[in-house]
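The next part holds the structures, each set out as structure tokens.
In what comes next, chain A is part of two complexes: it sits with chain B in the first one and with chain C in the second one.
Let's turn to the complex of A and B:
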């Protein structure tokens, strides 16, 4: 039986900021066998066609997270992605596009500047500061129950490849945003009973560009190479803010308003949601929006009707906290 | 075809024109909708973190209302779709959570079993009704008009919850629908990206940048309209358009249509009847 083999075109992003005024693309045609990964294919190009092609890789087994890049527009690991699996995703038949991750500065070709990720991990205290005193470390144990570990088991799978960071909507708007991986690590540390710095961490998470700025687009969840439910972690950090009664944020007040409306009438009272989120002074910035709506005769109902059977909804809130 | 209709908060308040439009043409397609008047807000992707168990009970109850009348449920808001399907997934896979919910809602004569599907209006049109049949109903083909589809996140992601209707990286159902209504489809990068709606009140600058990029791309691509199946995306793209375009240093304007409006136009209803004049950008 002959092995399946075909000519594949690789359209690869090139940019050396020290030399090139603008990024450009190089096209490489190589013959590829079924079963070859994207990483092996571009290694072939580097070894046999153009040795200046630059990208990171190390473990070649989906563990180290260094070969993350965009393949046909989507951030993933080159070493765990099969060329054949990408063929249905090509815009032009058998032309695979290789580009660096989004939301990073480019050092060269697919190599991006990773320092901002490390800075965020530092800013949000993404490590465990143990209860056990320094001199007793290694001598005493702090037992983690299975139930506790289950809470952050998935989060510990993160290899910091940066695919979520690259796909994140909010990161494209502001590089100051904590990022999905920052929130994932924060959740993992906040829920760890060995740690002593959760209060400090939650305080920083509650600031601008922190936990409340995620816009729930789920692009991180979709991109995660380890299939970690990152949004559960993001919502988990926010849930922690609720459990701790950290009321001094617009994010908290916004979510609180939703729960109160459901509990009291069943539906959202849109007319006052801005005031309840931003406060009276903050809501002044919403005046142009209100006027635009008024101009189109579109005003939210001031008196929202109470749904039939609200007593049953109230009972849910009484029985479940 | 008969469904339970889940009323989303925004469609009975700020964006009434979306449901008004759907209610105009549903009879033309022989679709009967039973509005779930006792349904509550889905939590707007907030209740799931303020109290995950309350979130399950509230939405388990919402779906149980449809089950009680033996119908599948339709929503025309992406975020409601996600909230309901998210809760449904948990209730269908974790028996102890289902029992927790049922223990409370039984007192109302409700029982969550998992038998009612939760679908988006777009899916119902494309899949249940069928685009061939829909195309036969078109009396005013949207020839000469170009549409930029904007899916919105919560009909695409997380994909395991979305029933396999679309690949989130390469969605096509909305394009298929536009083409069968006679319209042209404009390709642009942002069609499966985020409008920023959910952070408009807490991070407006960052949020409008997202809608601004989508609008700018659609304008550059030469679209006459953006069409979206989500009233929240509509709000971000229409009502915040001026701020959004200014934020990305772009100009021009783009009219934004609800899914129900593009269908209405193709079925021969007037712009006025469909409430296009209610939009901020007209």
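Let's turn to the complex of A and C:
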């Protein structure tokens, strides 16, 4: 039984701040067998062609989250992605593009600065603060029903690979944004009956860059390497806010306005959303920002066209409700 | 620079538990955790099956004593019985503590922590979070370290361990992002750098960085390392990559089947069948293959692990990760087809000689987790006992170091220590050098697999030692082609290779010397256990010239006398 083989071109992003003024792309042609992963292919290049090629990997088994990078434009784990499966995604036949993740500073080639993720975990209190006193730890276990466990079970799958962070459209507008993985972690903690700091966490989530900033673009859900239903988690923390009556925030009103807009025209009326969420004074205080946006030609259009298939949107909305 | 009170090298389960416990013991201490990868990348994340603790949630008649006995028997009576006792006694405590701190253990119907059967255990004792126990434990520990404000130095590489012959002085590290070499003075150092089973390279389930760096640093610093010849081969690695299919798959009822369609374990362990201990199951597979009952493929001979009879529901619920591994790396969906498997190097029983607090012969230097040999696993570790090992001894060492550190006054790290590292590293990029890293690494893995693998003989091991010495010689001429200071992965690969070569020599020499078969160490020319001559630990030292010397140390016995080990 011999395996299928093929010449594949890898077009790889290169940038070493020590020597390069600008990033560039290197091309490598190698012969690849069916069944080989992207990681094994670039390891081959590193071992045999160019040992300066720089990227992270560790477990090689899809569990440590080190090897995330963009393959043909989409963030994924190099170690679980088959070269063969990427061929249909190539813009040019048999040319696979390898690039670092988005929304991170680049250290070198595919290696990115990961500390902002950790700072966010810290900011949003992404841990359980146990009810049990220090001296009583370890004496007995909590009794936790299968039903409670199921609520956050999927969220504990997250390996902090950053693929969702890299694909998130809101992250691209603001690096301050909590990020999808941050929201997922927050949800996992809020739903854990062993934790005692939900109030504090919800408070931070309710602030700017928190749970209300998500634009529902679903890119994180599509990107998640563990297929975690991140949107359920985002909805979950928001529902928690609704339940707790946290109405007194910009975000809440924004989310409310947002759902109203989707219901009526199927698209955001961005230019009026500011008025409805900030109140008229708040909206005026945003004027300098709006002027800047106008200057850069990014002012949201004032007239909103109802998008085709609006009925469909309404139906989806009813389902979510 | 003010010395740290404690520097922990390694942010796996062992290192992070030590950090957490040290800060709880004394919150005023200045502590840092150094790791060559971000903490949650550590290899602990790969543990699938679970962690043993006699909670008696599932089998009400399980006891700590039974756990101790299983551990000692599993070790083929080479474990130190006092250490094994501490391990099992503390097990319920650490598992419950982790649970209290948020670890998402799977649950039984009554809401208590779920337990599954695991190889070599008489009872259902293995606590699990689906089939990603290590990942969830590591994540929980990281979260708790963040809660306590543990200071992490992530992507710092340990270059050397420093002491003055009596007391710890600290470590020399390289900041991987800048290439800067730094001396970090410390009153105490806890090594938690993980195992060395990656030296078998393609025939290993381990992460790329399980290269024994801490053990090699300790060896070079004159410390004793112990029982290095004992390397556990896991029976069920994936055929092509060596990646692991956890024992959980057999724990849930998977069958091992040969090319005749027979569950061949009935010949070797009629009672325990597929759930015999790992060394036995691995050897059984080798015998089946050698006798022509394996399946053939380009990637070598293999066996089938058949889960189909378990049904899609059970596979999806309890073994989801394993299913994805089989799909991603073999293109096989275990719901529909058997998984092609072969034995793979998996766990290193040997490591830095340490006592029951994790302390070494040098005051203030500790070793815990897979890089240590305390010794609780003896000649063969039981599945589910090494996560336990890292937790229990991580905790004990963290506590001990926190209590001791304030009273220690380390001398300064000599500037020559830093200069030595600098010189070595500059040397690697000299243009006269011609040896290629990848070639040496592959040859090392191959000779180890062929000559110091599951079945060993004098002849093979002599060849192994000879090959390793030749590779060691060629390594002097190895070239780092990347001359950049920024994240020079080529350099770290070479440094890791240096460590693997140093430890490979101890593995092969230890195996050659030990003329008996015990646990994971099977000599075809000495097929039985020889308690008279070899019921003792092997001890290795490196002398100033870099040569390895061998000696032995008695095994600490206790309640359980030597017995034949049958399953």
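Throughout what follows, the second predicted complex is superposed on the first by the 256 of 321 C-alpha atoms of A that agree within 3 Å, B and C clash if a C-alpha of one lies under 4 Å from a C-alpha of the other, contacts with A are read in each partner's own complex, and residues count from 1 in each chain.
The rule is short, and it goes like this: contacts are C-beta pairs under 8 Å (C-beta built on N, C-alpha and C of every residue); 3 or more make two chains touch, one makes a residue touch a chain.
Just so it is clear, the model here is predicted, and its values are computed rather than measured.
**Student:** Given the touch rule stated above, what does A:173 touch, chain B (first), chain C (second), both, or neither?
**Tutor:** Only chain B is touched by A:173; chain C is not.
**Student:** Could you look at A:152 and tell me whether it touches chain B, chain C, both or neither (first, second, both, neither)?
**Tutor:** second
**Student:** I'd like to know which partner A:111 touches here: chain B for first, chain C for second, both or neither.
**Tutor:** Touch status of A:111: second partner only.
**Student:** Tell me which partner A:251 touches in the superposition: chain B (first), chain C (second), both or neither.
**Tutor:** After superposing on A, A:251 lies in contact with chain B but is clear of chain C.
**Student:** Is A:214 in contact with chain B, with chain C, with both, or with neither (first, second, both, neither)?
**Tutor:** first
**Student:** Show me the residue ranges of chain B that touch chain A in the complex, using the header's touch definition.
**Tutor:** Residues in contact with chain A: 9-10, 12-16, 37-41, 43-54, 57-58, 61, 100, 104-105, 107-108, 153-154, 157-159, 168-170, 193-194, 196-199, 201-207, 209-210, 213, 239-240, 277-280.
**Student:** Any idea which chain C residues touch chain A in the complex?
**Tutor:** 24, 37-38, 40-43, 45-46, 55, 93-94, 96-97, 99-102, 104-107, 109-113, 129-130, 132, 135-136, 139-140, 143-144, 146-147, 154, 177, 207-209, 240-241, 243-244, 297-298, 321, 324-325, 328-329, 331, 437-438, 480-482, 484-490
**Student:** List the residues on chain A that touch chain B in their complex, please.
**Tutor:** 73-74, 89, 169-170, 172-174, 177, 208, 212-219, 221-222, 229, 231, 235-236, 238-239, 242, 249-251, 254-256, 258-259, 261-262, 266-268, 270, 273-274, 277-278, 285, 289, 292-293, 295-298, 300-301, 304, 307-309, 312-313, 315-317, 319-321
**Student:** Quick check on the complex: what are the chain A residues that touch chain C?
**Tutor:** Where chain A meets chain C, its residues are 1-3, 16-19, 35, 37, 46-48, 51-52, 54-66, 80, 82, 107-108, 111, 114-115, 118, 121-122, 126-130, 132, 134, 137-146, 149, 152-153, 156-160, 189, 192, 194-195.
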